[in-house]
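Both complexes shown next keep chain A, but they swap its partner, so chain B is in the first and chain C is in the second.
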Partner chain A sequence: MQFDFNQTYFSLFGIEPRFALNTPELDRRYRELQAQWHPDRYASEDDSARRLSLQASTFVNEGWQTLKSPLARGRYLLRLNGVDTQEDTNTAMPMDFLMQQMEWREAIASARASRHLDQLERLNSELREEIAALEGLLGGQLDAAQWDAASTSVRKLRFLEKLDQEIGDAIEAVMF
Partner chain B sequence: MAYSEQVLDHYENPRNVGAFDKGDDTVGTGMVGAPACGDVMKLQIKVGEDGVIQDAKFKTYGCGSAIASSSLVTEWVKGKTLDEALAIKNTAIAEELALPPVKIHCSILAEDAIKAAVEDYKKKHG
Partner chain C sequence: MALLQISEPGLSAAPHQHRLAVGIDLGTTNSLVASVKSGSASCLRDEDGKSLLPSVVHYGRDGEILVGRSAQTRQNDDPANTIVSVKRFMGRGLVDIGELATPYRFVDEPGMLKLVTRAGVKSPVEVSADILKTLKTRAEASLGGELVGAVITVPAYFDDAQRQATKDAARLAGLNVLRLLNEPTAAAIAYGLDNGAEGTFVVYDLGGGTFDVSVLELSRGVFEVRATSGDAQLGGDDFDHRLYCWVLEQAGLMTPSAQDQRLLLTRAREAKEALTEHDSTRITAVLSDGQVIDQELTAHDFQQLTAHLVQKTLLPVKKALRDAKLTAADIKGVVLVGGATRMPHVRRAVAELFGQEPLTNLDPDKVVALGAAMQANVLAGNKGDDDWLLLDVIPLSLGLETMGGLVEKVIPRNSTIPTARAQEFTTFKDGQTAMAIHVLQGERELVADCRSLARFELRGIPAMVAGAARIRVTFQVDADGLLSVAAREMSTGVEASITVKPSYGLADNDIARMLQDSMAHAQDDMQARKLGEARVEAESLLNALDVALTSDGDLISAEEQSAIRTSMDNLRHLSAQDNADAIRIAAEALNQASSDFAARRMDAAVRRGLAGQNIAEL
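Then we have the complex of A and B:
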């Protein structure tokens, strides 16, 4: 019984290391690997086998979580290529992007204050489009090995994720 | 997490909220953002002919610590030269506001915002 903890998540799931993802294939491989390494199957084995199955199934879970999220997948691909996305340290986003973030936050705050659910839902669908467009861009940048640009896109996605949260909170606050 | 009294004071009574016309030659605008928490900060300085910062305004979307950090620095930069403003360190901001370690990045954001505002002003006067 062996498990290679040094392999990448892509090789674990037997998929090509790129941003474009065949989600049903990932999910299918995930179920197979989970069934294979699930700790319940090793309950009557010795300590080392039980420990290995626990570590392997944790690795499989982490891999699945990482690959199925576009943001985490992008960050992971960059890491595999030796690029740090600097999400904790790099505050110098493009000016127009930050202006746009301000406008979004203002629009959310004002729709929330005036309890306009329809406006919040419109913002929400605009944000979906924005996120989809940025993920498309990120995929192209990663395919073209444009690491700096891809790194910026990952940081931008973090802001959009935050907007998503803010809109969700505002919708909840208006509805309940 | 409990905020310090200093943070609450700036959060509840933020100083210098607002905006200057960013096309104005005497105005420097700095915009920065923290990807990890999604905070966005705009800080503007208005500089006199003597090179001294006369006024400052900010607008911040973020947590209480980010708002307090930007409010505090708008107070601090007034009356300072550009070089003095550049010398403001995030550690001083964090100390003044008694920020806990997990909120240090808010003070870094404020320091970066001043630097960006001064840089924008200098670029205009290249």
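Then we have the complex of A and C:
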């Protein structure tokens, strides 16, 4: 039994290294790979087989999670092309984008404080639309090998996903 | 264990031979053992024909240990030495269990409390092991042979400490744990395979002391958990307790004796059960001072008294649906598990939330054990025609303490397991040579609100300016949902030597002591297994040291090398003989003799990694 830990997630799942994704195909391959490598398949095997299966199954899960999420997939494609998205170091964002972020934050905070579940759900769906639009843009930039622009989009998406999480937390705080 | 991780010896499969494996539902109130015989799963019965074993352990005089119904009969006259619902204490400290009425004397210890009994101070792990031993004996008598392994079920919402405690209890009972399986997932296997179900299902599992809810997608032999949630301190016991408090209020009692407490709790449970079938019941008891309790209770009143508990279960249900990005309308069926789901108002609340009648065609007491038995059969290597794949998740986020007492999430809840995540650390002071890492589990932002799983220190970082050092720490969650943490040396990718087991107050030498205690009473096959294990461990340790000495022997002096070699020869010599304890002691001695060497290898590895990093950065 052998597993190639150096292959890319795209080659692991046997799909083209592009942003556009055939999700049902990814999921189908994912189940096939787990059916082959999951630790449950090796529960009665020796130590080294069990260790390999744990690592391979973990790698498959990581790959699936990376490819499934548009943000993680975009970041991963950039990395494969030798581009560092500098998410922790490059915080210079366009001024209008930052202003918009502040407005989002204020809207979430005020809806949370006044316990307006409807308002939070509305913000949530507005944000999801914005995220979808930005993901579309990122796909185009990646296809056109516009790495700098794609990097900026990834950084922006990271901001939006954080907002998404904040809304989720706020909804939970109000609901429960 | 500094040099390598040692696991249980692998079991080599003999083909064409049915390997005996069982599923065990280690419940708060009742425990069961089940097995697959000629293709179908069934619960194994005791000599009286009963499959439910009450999870009650009585520590009697002269070292007598009673488990099950015989222990239950001692509950009222000797409550302090009769442990019920011990599952509630697994991996828990005194502060966690709150104001639950119990007749026990506790000793609070870091991580997990202990109970004072006639037989000495007992950890919940030891009490649980006594229950598991009884089930193991029953299974071996019933199946007519030695077990190759067992699947033990745990509440999906159990955290790492509770899982680790359960696995240790099984180990202590002499069971080879094939897998810790989440209870709702086990139920889904039994239900799904029985009914050929396809689609998205919810398992609502209200047991004696825990509540779990899982959202699963069933499709062509794949059981995929989409989200799980729950409350590890909520179950049928709480309904009993509420009723018990009501009885006290009605009778104007303030502080009943331990014996009266136990008696009234038992009466409360009986009344709860009676109200499943009847519209009203009487609670009658004669207390130790002669006072007579005689109260009438209607089903309506009982439901009012406990409505808040039913409501409390609905929050995790909504949370799990939200995490799975689904609504109640997307759910094809709701499977009820756990004896407490027999209460009519629980069923009604679930039916109302989902707009459909829940599925109850499997016995809610047995379905978990049956599913566990099916999984055990597959894991033991008895592959039948039908084969399935389980994809389960981690119930609670794992995180690290960052500055200001905050938690940074490293692995989010509902991540499919096994999973791993690496995090890079750096120093924040000039010349800093050590770094503390604190691993936590939970969803809250503050360290104080999450469960502390492990604290450890990385030492030997060479003094550099702040921010220059970089050490990669990997968090691995295995298929049992258990966490291990390892530091990795970065430039060569060699796995470095820190592996941290989450601590819950039960140190490894505690386990060793308990193992030895139980070994004293054990049978010969246990001795044989212990010897086999000790030999395998000794062999791996010797192999690892051989490799390490060949590659890194120059890190230590000739004297140190020769001391290690002498200790290795001693272990080799003892391994050829039949005394497992002697092998273990020699292995421990070798571990100690080589711990300096291990530390230096770690230092060297980290330094090599940092040196590489430095050059790259200059």
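The rule is short, and it goes like this: the second predicted complex is superposed on the first by the 170 of 176 C-alpha atoms of A that agree within 3 Å, B and C clash if a C-alpha of one lies under 4 Å from a C-alpha of the other, contacts with A are read in each partner's own complex, and residues count from 1 in each chain.
Here, a residue touches a chain if its C-beta (ideal position, glycine included) is under 8 Å from a C-beta of that chain, and two chains touch if they have at least 3 such contacts.
What you are looking at is a predicted structure, and each value in this text was computed from that prediction instead of being measured.
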Look at A:Ala92 in the shared chain and tell me whether it touches chain B only, chain C only, both, or neither; answer first, second, both or neither.
first
For A:Leu117, decide between first (touching chain B), second (touching chain C), both and neither.
neither
One more residue to check, A:Arg105. First (chain B), second (chain C), both or neither?
first
Now for A:Arg158: first (chain B), second (chain C), both, or neither, which partner does it touch?
first
Is A:Leu80 touching anything from chain B or chain C once the two structures are fitted on A? First, second, both or neither.
neither
Contacts of A:Ala133 with chain B and chain C, given as first, second, both or neither
neither
Mind working out whether A:Ala145 is in touch with chain B, chain C, both or neither, as first, second, both or neither?
neither
Chain A residues where the chain B and chain C footprints coincide none
Okay, in this complex, where on chain B does chain A touch?
31-38, 40, 42, 59, 61, 105, 108-109, 112, 116
Quick check on the complex: what are the chain A residues that touch chain C?
31, 34-35, 38-40, 43-47, 49-50, 54, 57-58, 61-62, 64-65, 168, 171-172, 175-176
Interface with chain B, chain A side, in the complex: residues 86-93, 95, 97-99, 101-102, 105, 155-156, 158-159, 161-163, 165-166
Within their complex, chain C touches chain A through residues 7, 9-13, 19, 148-149, 178-179, 222, 315, 318-319, 322, 375, 378-381, 389-391, 415-420, 476, 478-479
